[in-house]
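Following: one structure in structure tokens, then a few remarks.
To keep things simple, chains are lettered A, B, C, D, E, F, G and H as they appear, and every chain counts its residues starting from 1.
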């Protein structure tokens, strides 16, 4: 998983959705404990780990990972 | 005019307008913001002016300016903002300027919270600012009463040339209740303001409005006049409601929102056969001291209980009124907690069954 | 013989309480003359502030209201907003009053484009209370509260009020003048006149900052004080027009 | 006759307007009424509740200690107000949003899937009106006509396109109650 | 240390420094300007800091900041400036922050004048700001007493975490009298300030200083604690001097400058054979109520007379203390006028010969 | 997998009370990250102001003091002047707090060259009290107290605080940034970092004005709000550095 | 007399003395009722009626006259 | 022994320092003393006065209702304070500056052309010291030595070049009194 959402903090504001260059974030159809529709990414593989979502999220919901590059492992 | 359903804060605004107040200078603060918003919307409609000041300090001094010009003018705030107005209120009082100042009090001290409270009693009744001055303080208990008292506040302000305070709390400010407005008042034109600094055009030598008097003897003279005025107000402007006190053995003293709750508790206690009544000061200054004292001198009155949303402020005035003739108990809640009918009922039981509070 | 210079009817005929040589007196005269020349005395309400000029209501020959320390612009706003628009409202404020405790009020009056005239007397000190530092006291200046001289590290740097207020869109006319010699006094009067004329023309907030002396608290005699204005104050507080543009256009 | 109603939920669920509609309706019918809001610290979201009194006699305290009716629209409100309902009183629950169950046997609990029903009549946001419909049906405290008049008043000119869907919601609420009976 | 001759305002400053107060934030105002000037000169010499704030509002909030950091800190003002500090004082009280605030009161209300007055009594003793709070108020009557009480003010502030007010007037502030200073106090180090926001470096989780509590129940709890603290202070910190009261039939209650004048009047009356004495409250809050009440319950005490430079403020506390047990008369001067020994002597005569005041 | 973006330890792990999409949250994060990166959390004392961010002491992972409305710069001054100089003091203030009631305090903190860092969140409105006009509300903007939109004639013109404060010699670093998209958020962080670094270097007063949203009171959704910042606010409040010069030199 | 001094208002500040281009103003050796040495001009004829003194006087002590020019009278 | 002295004149005539010198001198001699200034509204010029109490016992009120001695340096001060001198008290007048004459017969009036005398000893500004010299000679309340010590203290390091002329003034004052006797 490249992007992980701390779902309970999410307020469904849609900003990550709006700013994801890959347009892969959506608001889920369920409600979280606060009563908001939390953001989620299904197509994790399309994520470029650009962290735009995380930078625009006002509620520090999102952690972004990047797969360690093969090259590095080799070197 | 029929009844309308409005928030208390809005009722204050509309009543002021009906009383001929077309100028309002204010600064937002919860729980009185609806009043500011109401004035912002309504005043331009009646050809008046609403101006949001940069602070409470500024607002009260804009009021000082407008009052100097002889118009009916109002400002409002809530506890911390009211504290900031103290210097200005002292100036208004000293300069004999009429104005109406609303305090929709909230939980304190400090930033506190935005729930209702009555812990600004001292601040408004004892002259929270510097120097020997008082301001008449009116404390409505229903929205309909707001209609009457707002108008009265302007009348008293003009008649005695003094700032007048209308004291409420978050409950009164934000609740809705049907009210009926009176027709626009004409009485304001009774007060000629020949002292106002409006430019001398065609009316004689320059006028000055000031509270400075570097000479001690003449400042004392100014103070003497001020005190004389206060004596007249004490004489003329006391307001108090009494409820089921005729045969009461126990009297509860409460004002504003709390008085409403006490009324319900009194009803419940009466149903249970207890002879208890409510004394509701409407003017907190002048305080209905002689009224309360007279009641206390009646043989059957046994005990008084003061209930406040404070740690005990008005109770001092009650004690000063009765000077030990009957014992004065106190029950208070704090920080925005509103006493319930049941709590007060329990306190009444304690009065009767001798448990000391 | 024809009188070429007479006492203005803009001032009440009465002695002032100012110290010998204090230029508050000159500035009073200029304001009085301007109001007389504009035939505006009956239309004017002045606002006295708290400072040595607190008693100015004894001197100006028009209606006067005395404001709390720093609050003259708010009081003037109250007056201006409720009186007929022909009325001219001015404040007369010292630098302690206007630039220290009253900073919020003056900035906001300017930002609101309040159609008033502000006479701002900058004497780089608190005169009335006995010579404490003002926000406009110069670096190195010894005052009752900077006995070793004002130091940037502790007390920061003097505020150039005119320059600061000129950044506000609401401000219409701002000029700094001085009173340290005859030509400058004449210029000061012109500026004051313009500041009142602007108000008549409903152009909005107008302020004249006037460099002034305080011989008593500067510890200089009146002549030396004039020299001090010229040598010390003018370099830090350059004279000139800082703003002359009304967003309200030429009258509204 | 005296009804003391508390309506509670998240901010934004229309709690305040529901209270206003009841209050207006009561007033129209010549009753004594009062309406008192209470907000949490949040500007948006968070919890909010409103206390409404409708009575034949002058309203003493507008603050309600033991409500005769409580309407709850979320779990926190359930937790806070369920215990307060006075014995013999009524608890209306939007069971689409509230997962808790009441165990009290001294009160009448009315569960309504108000959001689903509202969705069906055309707008999930009129869930509140569904419950109001059920409420007046149950208590008879005010008439449907008064409720509609009040609704129109509260919506104001700006939102009068919402009148019919709310009306439908009232009726759906009424019907669900009748069905359940 | 020998005696030195200093102005009262300067004595306050030097005593504060000796009490370990190295920080002062103030704004000039007559008649306390000498204190500000003194601090400006002296504090840098002791490695401390004097800062002239842009206003009284700012000054009290700088004090709030410095107090948050746990240092001993002071500000001072006079009546109108004190009014402006009310919001800040309410915040200090609510946030449990220790600080000492000086009010060298002057004639009011409004701008008034710069002569001595005692008409800020209500403002300082009843919590002139909003909410239920009190501040201990110490009222010295001689310059030597200023030395002691200034030190005490800091002790009380630290011990109870509360703002404390030192109340004087223009006479006390500007007169000179020989005083002897104590050695620098070590006692300040007794108070550990682990609550201070000084950065967490090496001491645990972040600390917060605030007076906000949006929840009514917990704000009430805060208020309960505050009131508890006030009860302890009432219990522990009452100060009162009594002069020739042992066999007195008439008691005069006066504080500060007026108490000195009353002392001379008492002496004169004693010479004339009248049994009269002086009760001098030193702590105005907590007020020596039970002390005065106890005296009043003694059979021989017949009448009390309160003398103030005000229209009658402390007299309310005297009346509250005795609750009608003995009559309480009042004599006041105003606007900077100082009552003379002779005037007070005449009032004493009236007490004796029954002329009512 | 390596975390390229994680929650900063500069913030306490806790939900905020802000409305959905409110950029107060982004700005909190930036401040937290900067303090973490400067390894300054233990050295820092923050001053919360009165506005929606009044509860920010719940979020910043450092000592915090809560100031009265508008007075944060005075409180910060008190802290800064008595604490060891390694301590970093910042205020976090809204536009109502800083530019309306607190105007006097901010101007004087700047003029004094107070060595503190000010995070100034300009959202053109009073958020907390329910959307009244701020001194920074734009012309035409509808608010609870300008129901017909802000009008120059009555309410005057919006104050450009950064431009105004930049005229003060005491001010060392002043920049205006925004949060309306990713590049601007990145820039905003840089500015905040510099404002803290400046304090470490003892350069004096540093302020970052950050354009921010208030979806709730603007009546827009969070996305629209970002657009409004870009389209309406940025043109009136141009982004950029307004001052970058310390009279104190590079450290003292 | 070209320059007339309202002597009781004079505070002896010396500013008129300092600014008179003709240097004809002096402080008298007596005291006025306020206790100041008032300004005076003996050599009135040297006065050019330039009004510099009056403009610099903070206490509006000075009135300045100019002899009406003959020419005007003729015309 | 208790002396209650009021010294009054224009601001700038050294009224305050005269009072301070007396107060210091009293303190040096182990007496109880107090000094209380009073200013008019003017910063400079205007009137000012100072009240000094020198006593064997604790000073009660520092405010003086009926002074045992009054020293006046100008006409307004004469008018204000001459009536207050207590019966048997003393009134010192700088008759160079005060034109009024006292008609009281229950007090001792001492007229001194202090400014002229001061001028003769070298500086008209030390007129106050001339009167002080006469005052201590008359009352014996403090010694010349104490007065000199106090003078040095009050002048401070900055102005110690003025010691000798003041000393001369003290003595001139003393002598004029002796001559007159």
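Here, a residue touches a chain if its C-beta (ideal position, glycine included) is under 8 Å from a C-beta of that chain, and two chains touch if they have at least 3 such contacts.
Composition by chain, UniProt nomenclature: B, E = 3-methyl-2-oxobutanoate dehydrogenase subunit VorB; C, F = 2-oxoglutarate oxidoreductase; D, H = 2-oxoacid:acceptor oxidoreductase family protein.
Predicted, not measured: the structure shown is a model, and the values here were computed from it.
Asker: Over the chains that touch one another, what is the least number of steps taking subunit B to subunit G?
Answerer: 2
Asker: Hey, which pair has more contacts between C-betas, A-F or B-C?
Answerer: Of the two interfaces, A-F and B-C, more C-beta pairs touch across B-C.
Asker: Please tell me the distance, in whole Å, between the geometric centres of subunit D and subunit H computed from their C-alpha atoms.
Answerer: That gives a centre separation of 86 Å.
Asker: Quick one: subunit D and subunit F, Cα centre-to-centre, how many Å?
Answerer: Each chain's C-alpha centroid was found; their separation is 41 Å.
Asker: Which residues does subunit F have that touch at least 2 chains other than itself?
Answerer: Subunit F, residues with two or more chain partners: 19-20, 54-55, 66, 68, 100-101, 103-104, 107-108, 128, 130, 135, 155.
Asker: Got the subunit E residues that touch at least 2 other chains?
Answerer: 49, 51, 54-55, 57, 80, 87, 91, 95, 110-111, 210-212, 214, in rising order.
Asker: For subunit H, give me the residues that contact two or more of the other chains.
Answerer: Counting only residues that touch two or more other chains, subunit H contributes 41, 45.
Asker: Which part of subunit G faces subunit C closely enough to touch in the complex?
Answerer: 1-2, 6, 8-9, 11-15, 18-19, 34, 36, 49, 51-52, 54-60, 62-68
Asker: Residue numbers of subunit C touching subunit E in their complex, please.
Answerer: 50, 54, 66, 68-70, 96, 100-101, 103, 126, 128-130, 132-133, 135, 144-148, 154-155
Asker: Can you list the residues on subunit F that touch subunit E in the complex?
Answerer: Interface residues on subunit F, with respect to subunit E: 12, 41-45, 47-48, 54-55, 57, 60-68, 71, 74-83, 87, 104-105, 107-108.
Asker: What residues of subunit H sit close enough to touch subunit E in their complex?
Answerer: Those in contact with subunit E are residues 20, 23-24, 27, 32-37, 59-63, 65-66.
Asker: Looking at the complex, which residues from subunit E come into contact with subunit C?
Answerer: Listed in rising order, the residues are 27-30, 33, 36-37, 40-41, 44, 49-52, 54-56, 80, 110-111.
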